[in-house]
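Note that subunit A is present in both complexes that follow, paired respectively with subunit B and with subunit C.
For the complex of A and B:
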């Protein structure tokens, strides 16, 4: 059965290669975002530092955060939304495999493509332009990879959860917009969580969004010690469990009230 | 193979008011009507049967296919496919059925046709030897050879449908559902697809349930047909039965040597067109009576020539649909108006 999902991932990967010109546009877009963020921080921080964060640290942070956000799977909303609106969801449901896993491995193919053709080139170009620090401790790298996997899982489950809500409303625009805003603020892509006030930091800690950018970046930069990392991994796993249970519950109800649009 | 007993499916349809005030009202109160897409239908299909499922637009044909494949849950009634309840065993059912939608694609749009087949091999866990046997059949009979390496988005509709049908049959399903498989195809493409489906049905004993608006599909592939209208099953039998039940009779046009006048009155025949020496009569069904009729006429009046017309299946269905349209009021009674806040 794993071979089926592996095949789905491969096909999704190759589907992306059909539109190669987009690759260059994406890299250009990402470099621009990182460049803008770095310019802002340079203006704000100058040569000094704030809460122990200097401009070099912010460059690394911006780059990692932007790279993680490129790998997030919450875009699965659009996939399901489109399939519900056109009624093409029927083709997926007629296959003898789990629907959420089909979506997950399909998205995974996109993510692998993104990593190879957008994230890696972006980091390489940014490293040439801005300079960039790499982690030294091997356990940091392991923890970073784990935090990336948590980010993938949480972003997928969040996107899928909202997609399931659209079985009721047949549209996701407002909800999706809200989640996108929440991710922007609480994943720290706008402002790292270090600079949040105590109350806002508390809210951010209570939500799953910090795993979608801030946590991987902080681990990468060595801003978390071993016990903090362990605690974060545990918390992330609990969020995965909660979201997974919620999607299971919603799925069993959604499938009963599925309305397939058109003919 | 397929058992359907007293199955119904209701949809809620929201009535949307138009205009500014109407759309404000839509935000708070929504009126809806209950639409019975399928109403108390029962039938069964045996292994190896080919059945046409016919009905005007909106008769609930696609809804039935979706319930049989477990995608929609029936509002009431019972349905089993291979002794399984489809919506409870969606994945098991999926392994046993193949589906082709004339209006949707199951192929991967941006990838070569071959890739979709490879992927299905993995998803359905098809054995290498079965895969090779089937691929050889499809490459030959569906002539997939000529475009197997092209991306799906570059195919013509006829090519795409051939690939769709091959893909649906790749995992050797027991049942093949075809939802308007020949829609939008040219005559030759239709013929190819029909003969292929017929062959798979006769030789490989794949049961076929086919919905269509093209009666030729049914005449060529399906010995048995079900006709639905407004969610209700109104006919279940063979094409011949339908013809003999409903046939408006035969039309005979006779050209006389000289005009016999309009006093020609014969038993079992109505004069429906009179052009002097050429007259058209409508007589009751049965070929014998047609020959007898001509004999009787020729005894009394010398005739030069005659021609015989059978009303074809399209006319019959058209008559059938029209006669149903006249009792439209019944359909409206099925939809109750309700209001929810």
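For the complex of A and C:
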């Protein structure tokens, strides 16, 4: 079974190599976004700091968030949407593999490609231009990798969940905009949750979006102690479980409704 | 093509979109949520730091809305036709625009007018009007006329950017990535350009004059003591129509050179 998943991931990886020219574009886009954010933080913080956060910290924070956002899988919604509209979903359903896992390993191939050809070059270039600090504690690196896996899982399940909801509403685009809006605010990818007021912080803590940006960055920067990290990993795992159960429920209902139009 | 015929096309497009009223409204709500999130993040940011380089929340809201509003107006006319031009050429569908007794440019634009930007216009106009009531800028009749002209000029300039890239489809056939770069560059003017270094400010003023869309008009309206900005404020009113005329010429040049994609 693992061999089949490995093959799916490899295939997705090599499919990406057909669009190599887009790699430069993504790197350029990432560097621009990081540059804009750093300019804003430089204007805001100058040489001082707020809540113990200075400009060097914000450079690392912006860069980590730009990188993590390249790895998120919530765009899986468009894959499902396209397969539903074209009817190609049938050939996937015929395969003796669980459909969500097929999708997940397919997306994983994209992510591996992104890491190798976008994230690593972006970090390298940004390190040359802006400077960038690396974690020193080995346990920080382990915790960071775990938080990345949680980010992958939550973003995948969110995208998959919206795709399933659009079985009923058939308005993928609008739903994706709404989730993207929630991610913009509550993932903390631009404005870290440190700078949220108490009530906004409370809302952010109740939602799963902080795992898609803020949590990995805060762990990477060593801004969370061991007990906080453990708490976050537990909370993230519970979110994965909740989202997974929700997708299972919707899937079993959606599959009964599925009528592929035309033959 | 006269204005009556153009508006007749637009009416037909609106009618056909309203066939699916539910989907249209859900889409509009999605887009408004998306932009509301962007405003919310900036608002949350400025709860901590009162100003970015001396720009308060209401001033940033004005600057930001001016960009979205002019983009939405310009893009209503040009986004869909220009982004789909490469595919239209490749599919060989462009010929039908050349064989009508109408200007291919206006006929092509009228045919692909996009009413979907109405949601962008609603939210940005509301925030713009709200920010005007909040910012103390000593309104005079001249300033009011200036604002209207600045919105028109900015819309033309945004449209010109899209038309220039669209024109390149005639030469390169595939230009999607150039649009992506254009949208990344536009991110730079979401904030006052004074947060960037001198070189980048010069580029955004003289080479890719995106700052003429919102930065210089805002400066002109907020602060009338600085003479150079006043000159650039007036330049901002001229550059839009001028840029659009030049982009139109470039497009027509490309359309005349057009030989079909073979096949």
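For the reader, a short list of remarks on this structure follows.
The working rule: the second predicted complex is superposed on the first by the 261 of 263 C-alpha atoms of A that agree within 3 Å, B and C clash if a C-alpha of one lies under 4 Å from a C-alpha of the other, contacts with A are read in each partner's own complex, and residues count from 1 in each chain.
Keep in mind that, in the parts below, contacts are C-beta pairs under 8 Å (C-beta built on N, C-alpha and C of every residue); 3 or more make two chains touch, one makes a residue touch a chain.
Keep in mind that this is a model prediction, so the values were computed, not measured.
In the superposed pair of complexes, A:200 makes contact with subunit C only, with no contact to subunit B. In the superposed model, A:230 makes contact with neither subunit B nor subunit C.
After overlaying the two complexes on the shared chain, residue contacts for A:1 are found with subunit B alone; subunit C is out of touch.
Of the two partner chains placed by superposition, only subunit B is touched by A:91; subunit C is not. Looking at the shared chain after the overlay, A:174 reaches subunit C, while subunit B stays out of its contact range. With both structures placed on the common chain, the touch criterion links A:11 to subunit B but leaves subunit C unconnected. Contact with subunit B, but none with subunit C, is seen for A:256 once the two complexes are overlaid on the shared chain. In the superposition on chain A, no residue of subunit A contacts both subunit B and subunit C.
If you check the complex, the residues on subunit B that touch subunit A are 11, 62, 66, 69-73, 87, 90-92, 94-95, 97, 99, 101, 103-106, 108, 110-111, 115, 118-119, 122-125, 151, 179-180. For subunit C in complex with subunit A, the touching residues are 23, 26-27, 29-31, 33-34, 36-38, 40-41, 44-45, 47-49, 52-53, 177, 180-181, 184-185, 187-188, 190-191, 195-196.
Considering their complex, residues 21-22, 25, 28-29, 32-33, 36, 39-40, 42-44, 50, 169-171, 173-178, 180-182, 184-185, 190-191, 195-197, 200 of subunit A touch subunit C. Residue ranges of subunit A in contact with subunit B, taken from their complex: 1, 3-4, 6-8, 11, 14-15, 18-19, 87-88, 90-91, 93-98, 255-256, 258-260, 262-263.
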